[in-house]
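Just below is one structure, and these are the notes that go with it.
Labels run A, B, C and D following the written order; every chain starts at residue 1.
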């Protein structure tokens, strides 16, 4: 605080060039958004998993399906995550399985987002009977337990594979996004700028694509990420309960084999711990990115940089609703600057000594 | 520089006889945020509310008038912080209290019993899930815990009658009342504990003119009967001239002029006050071309140096750009019951 | 910023051609019925606008004054053809126009443009000023050919609304501008179509008080230079007097009075207009004259439900002069004595039914006079319960 | 009342939609599910049984789709969900009748407990923002990303590794016969601790996060400021003003949560060999037992609808704005 204050003091007396502090401030704010810790950690982890999904199968130390004579071994230098009862390298299985997980998550997120935008925005913008119908459809899909539906459909399908699973998940999990988008569209539609665009003579499709959708982008991205979390979980659950069609490795199949081969009873913790942790970390990273988006959209959720601030008694100040903190700064060590006494009116001297001192270099600076 | 803290007046020659202060704001400073990113919203404001008077506080949005009201009651939501000053409340027959130094319990006790507030958004000031009765009664219960439930209900009925609402509305939820009725309920609630001071932050801005006048008339009537003081905050200066005893004008977080209503209306000294008065086309008298005030209200993040108004001021001259004019009794108006912060009317003393 | 002419009376407009007319304009919004109601109850509607007739003339400002919920904004949207109307007719240069989207709508709103109330909401936050104005120019084929002509057109537009130098504003986003600057951009966007009529829906009520007049003066200046016909919708009757040539007063979806602005504000005929003028803040009234007095407080209460409006004159439940006929018969537009063009929809001005004919206008001339100090303290008058709309 | 009837109509509609989806899934599957089943159990089902399977399964090729549909509805109306393939010839309804109480009990208890604890923690962490309770945020984010069944696996492994005799498998002691006596109920409760705990821990975080967000959002409403200005006690402002209003969106968001909780329950049951629907589901998936799978789906859907109806009633009680007389 003291350094900041002295900075301002240095700038202020040098006349009206008031634009300079403004531009530097906006630059700083921009940087601060990029360095939002939650979003940054989440995005970093997500990037890591994405890279792993792309290069994973090429960098595995072993063929994930290859058996060896190292049966059911604990983690070691040769097998970072240990081996299975058939001597397969679990590290390779987890790394190799990343691609399947990310692919299904991405595909399902994409399908669900497209459907959610189509259905949600249409029902929000159109109004009338079609809107009611789409809204009812959305609510039905919201209430029906999608996971069971996914299990039934995928286990009924003769041909499987990640693509089918991803599509099924996508087609059954768009409802939440559609509901949120519908609500957002309804509220945006009442905003004057949509009406103004109409009054200017814009066509309906242009209004939807160029006026409405850009304002929904945060909601759409957040819905995409939410669906991705859901899809990853669903795929892993499907694999875990042995729904056929998932021939390739993914984190769920690792867990399936661990469960079916009684890894627990044999004390082979390494068999299921890495895959589960990978799920949890991926899920956390996606949630963190979504928090970042939430805070960007709803500034109230942000912590208003209150950390580290000190009150008059030197204790940290906590911002509370209903009890505005009183922060009367401790006077600086150095004597007041000359600029202060010249323009600062009677404030500084008037009350000093009553409540600590009101005079700060900041006070004086403007 | 040698002027004594302006606005902090002991009952002396400058205040009309019999006027004792009830709420004194001294050099209040309020910031948004802490540290580097902070913005000063209220700068060194001193203002005195006398017993029984209506003090009007006018200014544009961003002038700090609402921040001042929230700040002096310590109700400013984060990231607002009070960074200096005192708010002294004079109890009738008791020691003065500095509101800013009360602890949480003391503050809770002080609130509503001594100073109540009516906010701008009557729509949102009432809790949507509780009845009017419950919200009127819980404030009484909080301050007078020994009062019986039936006595509280009686009091709630009285309060509704006081503001002209039928007591059978007690069981209503806020959404069942019209905007005007909700604001009346809020005024009734504000008077529940017979406070000395009622702060009103744009209480009628959201209402139609007809309803606005009805409510203001009722307010004036109630004040005469109950004798509380009102700090009335609004951007509508023409309304204030009609309803308040004294008016303070805020610009860029500071008070720029303070005077009795009639004097301010007939003879405003600060060019900003003058511009603001001329921003309301009159309903009577000759039709003339008015200009408003050129430019835009200042950005708190980059306030002009010197007098904050100088970029918009038609009469600005050299000192205005560099030196901040102090709020002082102007030398060219010797009657002494007004202050202004303008180099055109420098303090004499 | 300030204008140099129009110091006393606005100069006679170059011509008084009718640009846009509404004749018996009516809009009913259906009340959404749910479940069993759909079968059992008769369809219910909100009578937002009933039988509104008005004329916008070239080079003239017509004000439409009313409280919130009086239907004044709906009138603007009907005239802009943003809503389909329930009844009545809209005529542009004498030809009836009904459009619903498409090319004909563009052709219509090339002539009739609208300015919205809230400049913070009427500009899309994701687009720059350049985008907004370019789109408006392109849609109405005023963008010229090539980027040089477009740039010229953009700069011209911003100069017209006194945002200079234009290049400083073109690439900003709406949130980087102040309220007044945004409203000027909104006006520039409306001007991009090169319209003949401008529908301004409370164009200054969301702006800071100090800059409202600047925007109104700008509109007046544009009216004079471009010979626009302007509909100025407002709840502030004092600004109507300042800015508009003619003033119409609306109450609960119906027009109750109309005429020359000065006449309507200085000599209001309809009891509602009188109440409105009496309620408006007026510093002259009180300074040095003690506390405000109660004149006609019998008009307490609130506007009626528009789902089930009162029969006869809609103001009759609040009207201090209400007669039997007011409760049953809808008053037609009746001329008010002495002022050509001044009319009121009030039975007081009917030759047969208006015994108070002489009294009513007289009363209006001195609304500020203390009349009934004897009323003193009439406490706790139970407010008429507001209709709870579904 | 109007609101309630509206919701009821919607649930009837949804139930119908679920039933219809259920009807169409086996018919839309390319290939022949019965044939696939027969191929799987080659030689174990004779040709006579095959014909009756088609009829039982409702896939009679000689009937029109509409006729099949009405026959299907008629059967459902009598509680007839067909016959399980894997437990031939036990009716699906019998299997589900035995399993359902376990699942409903487990999921119901988990929902109530996690809602109560999660909401309370959310209220506190939202109200005391910036305090030490902030540590809840990253922790809950991480926990909410852990699948419940995996946490179950870890727990089972730990219990075994520690050598504790705490039951980690089944719904009651193997020697007991389901019966309403204290020994059995005591055993059942003891067996449900761990699955219940897993469910509560993983589903709770959702409530914490959403309640915290709502508290923060509601915290800046005017009526909260007014409540502070009135000098009410902190507890009253927090619960009667802030939490009371913040709760409403959470209650109306119940529909999403209840489906997820039931999904997690099914999996946790698998991990703990709990005798509920999840266990049956696993069996059904393993042996492609369509009638059983569909029976599970229908049952769970109806349970979700019922839970939603209860949530709606709660909402009706909590929000006066919906109580308006029509």
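Convention: a contact is a pair of C-beta atoms (placed from the backbone, for glycine too) under 8 Å apart; a residue touches a chain by one contact, two chains touch by 3 or more.
The structure displayed is predicted, hence computed values, not measured ones.
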Selected pair, greater C-beta contact count between A-C and A-D: A-D
Chain nearest the overall Cα centroid: A
Greatest separation from chain A - chain, by CA centre: C
Centre distance in Å when chain A and chain D are each reduced to the mean of their C-alpha atoms: 26
Distance between chain centroids, defined by C-alpha means - chain A, chain C (Å): 46
Whole-Å separation of chain centres (CA-atom averages), chain A against chain B: 43
Gap in Å, rounded to a whole number, between the CA centres of chain D and chain C: 56
Contacts with 2+ other chains: residues of chain A: 306, 319-323
Chain D, residues touching no fewer than two other chains: 219-220, 225, 227-229, 324
Shared interface positions of chain C, touching two or more other chains: 388
List of chain B residues in touch with chain A within their complex: 1, 3-6, 8, 26-27, 29, 33-38, 40, 43-44, 70-71, 74-86, 98, 100-101, 104, 107, 299, 301-306, 321-324, 326-327
Complex contacts: residues of chain C adjacent to chain A: 77, 80, 82, 101, 105-106, 109-110, 113-114, 116-118, 121-127, 135-136, 139-140, 186, 189, 192-193
Contact footprint of chain A on chain D as seen in their complex: 10-11, 13-14, 17-18, 21, 25-26, 29-31, 33, 36, 129-131, 141-142, 144-147, 149-151, 153-154, 156-157, 160-161, 213, 216-217, 219-220, 224-225, 227-229, 237, 255-256, 259-260, 262-263, 266-267, 270-271, 281-282, 285-286, 288, 290, 293-294, 296-297, 300-301, 304-305, 308
Contacting residues of chain B [partner chain C, same complex]: 60-62, 161-162, 164-166, 169, 176-178, 180-181, 184, 208-214, 216-217, 220-221, 224-225, 235-239, 241-243, 261-262, 265-266, 275-276, 278-285, 287-297
Contact footprint of chain B on chain D as seen in their complex: 219-223, 225-234, 236, 240-241, 244-245, 248, 318-321, 324
